[in-house]
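Residue numbering begins at 1 within each chain, and the chains themselves are lettered A, B, C and D in the order written.
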Amino acid sequence: MSSPTPITIRVQDADFDAAAEVARLVAGRCDIGGVVNFIGYCRDEGGTLAALELEHYPGMAEDELTRISVDAAARWPLLGLVVIHRYGRIRPGEQIVLVACASANRRAAFEAADFLMDFLKSHAPFWKKEHRVDGSDGDWVDAKTTDAEDLSRW
Amino acid sequence: MSSPTPITIRVQDADFDAAAEVARLVAGRCDIGGVVNFIGYCRDEGGTLAALELEHYPGMAEDELTRISVDAAARWPLLGLVVIHRYGRIRPGEQIVLVACASANRRAAFEAADFLMDFLKSHAPFWKKEHRVDGSDGDWVDAKTTDAEDLSRW
Amino acid sequence: MKVVYFAWLRERIQRPEEEIAFPSSVTTVREALTFLSGLGENYAYAFEKPEIIRAALDKKHVKPETLIAGAREIAFFPPMTGG
Amino acid sequence: MKVVYFAWLRERIQRPEEEIAFPSSVTTVREALTFLSGLGENYAYAFEKPEIIRAALDKKHVKPETLIAGAREIAFFPPMTGG
């Protein structure tokens, strides 16, 4: 890789446009063979959840997403990479997170996107609190034990 | 899974709108936790390629994409699945193929999309011919030996 | 039986499809391929590496030993390169 | 030193951040946590399971044995649940 991978990181309360991000990744390029794009959504947990409150550590969130992205770009031959993570109140059906990876090679794009999501979940300083439909504050979401298992794959 | 996975298969010469397909997958639903979306593009192969000619076996192409998709929906708890494959003349930078998988669960969506691309490449009756910038007909693209290795993962 | 060809098989045989009356001695896909490869130089060229040729009966993938009886359409093509 | 808390740690301690003058005997992240957990019931409750608490010094993940000298900001938080 002679040129560094273009990396876009954004931490924002506003929603994002995944298609516009992918369009920007591939704009004017003819060396990209594939883009893998993951969008994470807020679920309603069987109708019990009114919203998630996403708390983050300003500054560190951007730094960690950048660090994880630079790591991914060093491990796979990526031609572009976007990570966007929202904070604030997010309702069921809304978008929470976007990871998009472009590469000449399909497998690299899949692996890098998968890796980014695994590391983001356990390293980026975000925390989810549940607000229930019945008006009560739900619990803070617990880190899943599968997150650690996911990490051990890399 | 009480309801069958909604599956959309299209084989077409026209371009597609990946964002519209993802929007349709998630529309009105609050049980989807993630969508993995792969877009394959035509590369210019270092500036030597003018276009790819995508030949397909009408009828069998749709049947095979459907069969592979039903297989994926049986193996992973998917909440929606889209496969679109173009045929005809496709120029560098243009989209060739879309696979999108929705699931409550991130890992299922990643694995199913990866599986679909692996099986699609070696089982769906499409063939690529290269048209070179210098005006000559290039060769038919050879099946990669890595395609068989990719399949052995499943 | 309708026989269809794709990609460089179609180019070498110089036609996309044709009607072939296989003799009764031809019972399997492999035998059909061998029969076709004897129809002329272009066929011999198309089928010169039979081990890499794939086949479908009525638009379903089949193995060389599959019986062709009852099928309406047989297709021969190189390994697929979609995606 | 500026100390910041997130998620249920912030809720239990009932403040998002504060200025703490650690005594000179507090040299590591673990010692800082132990010191804080002695500041009152709300702190004791927040840090009741120290083994699950994560920490950052100047917005970088650190281990319990990391020295805090020179840092401007120390953060304590539960395991992260983004994504």
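Definition applied: a contact is a pair of C-beta atoms (placed from the backbone, for glycine too) under 8 Å apart; a residue touches a chain by one contact, two chains touch by 3 or more.
Since the structure is predicted, the reported quantities are computational estimates derived from the model, not experimental observations.
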Enter the minimum step count from chain A to chain C; a value of 1 means the two chains touch.
2
Counting only Cα atoms for the centres, state how far chain A is from chain B in Å.
23
If you average the Cα atoms of chain B and of chain D to get two centres, how far apart are those centres in Å?
48
Measure off the straight-line distance from the CA centroid of chain B to the CA centroid of chain C, and report it in whole Å.
26
Among the residues of chain C, pick out those that touch two or more other chains and give their numbers.
83
Identify all positions of chain A at which a residue touches two or more other chains, and write them in rising order.
40, 106, 117
Using the contact rule from the top, write out all pairs of chains that touch.
A-B, A-D, B-C
Touch list for chain B against partner chain C, complex
40, 54-57, 59-60, 63-64, 85, 96-97, 117, 120-129, 140-143
Chain B partner, complex, touching residues on chain C are 4, 6-8, 10, 56, 59-61, 75, 77-83
Where on chain B does chain A make contact in their complex?
17-19, 22, 26, 28-44, 46-47, 92-93, 104, 106-107, 109-110, 113-114, 117, 150
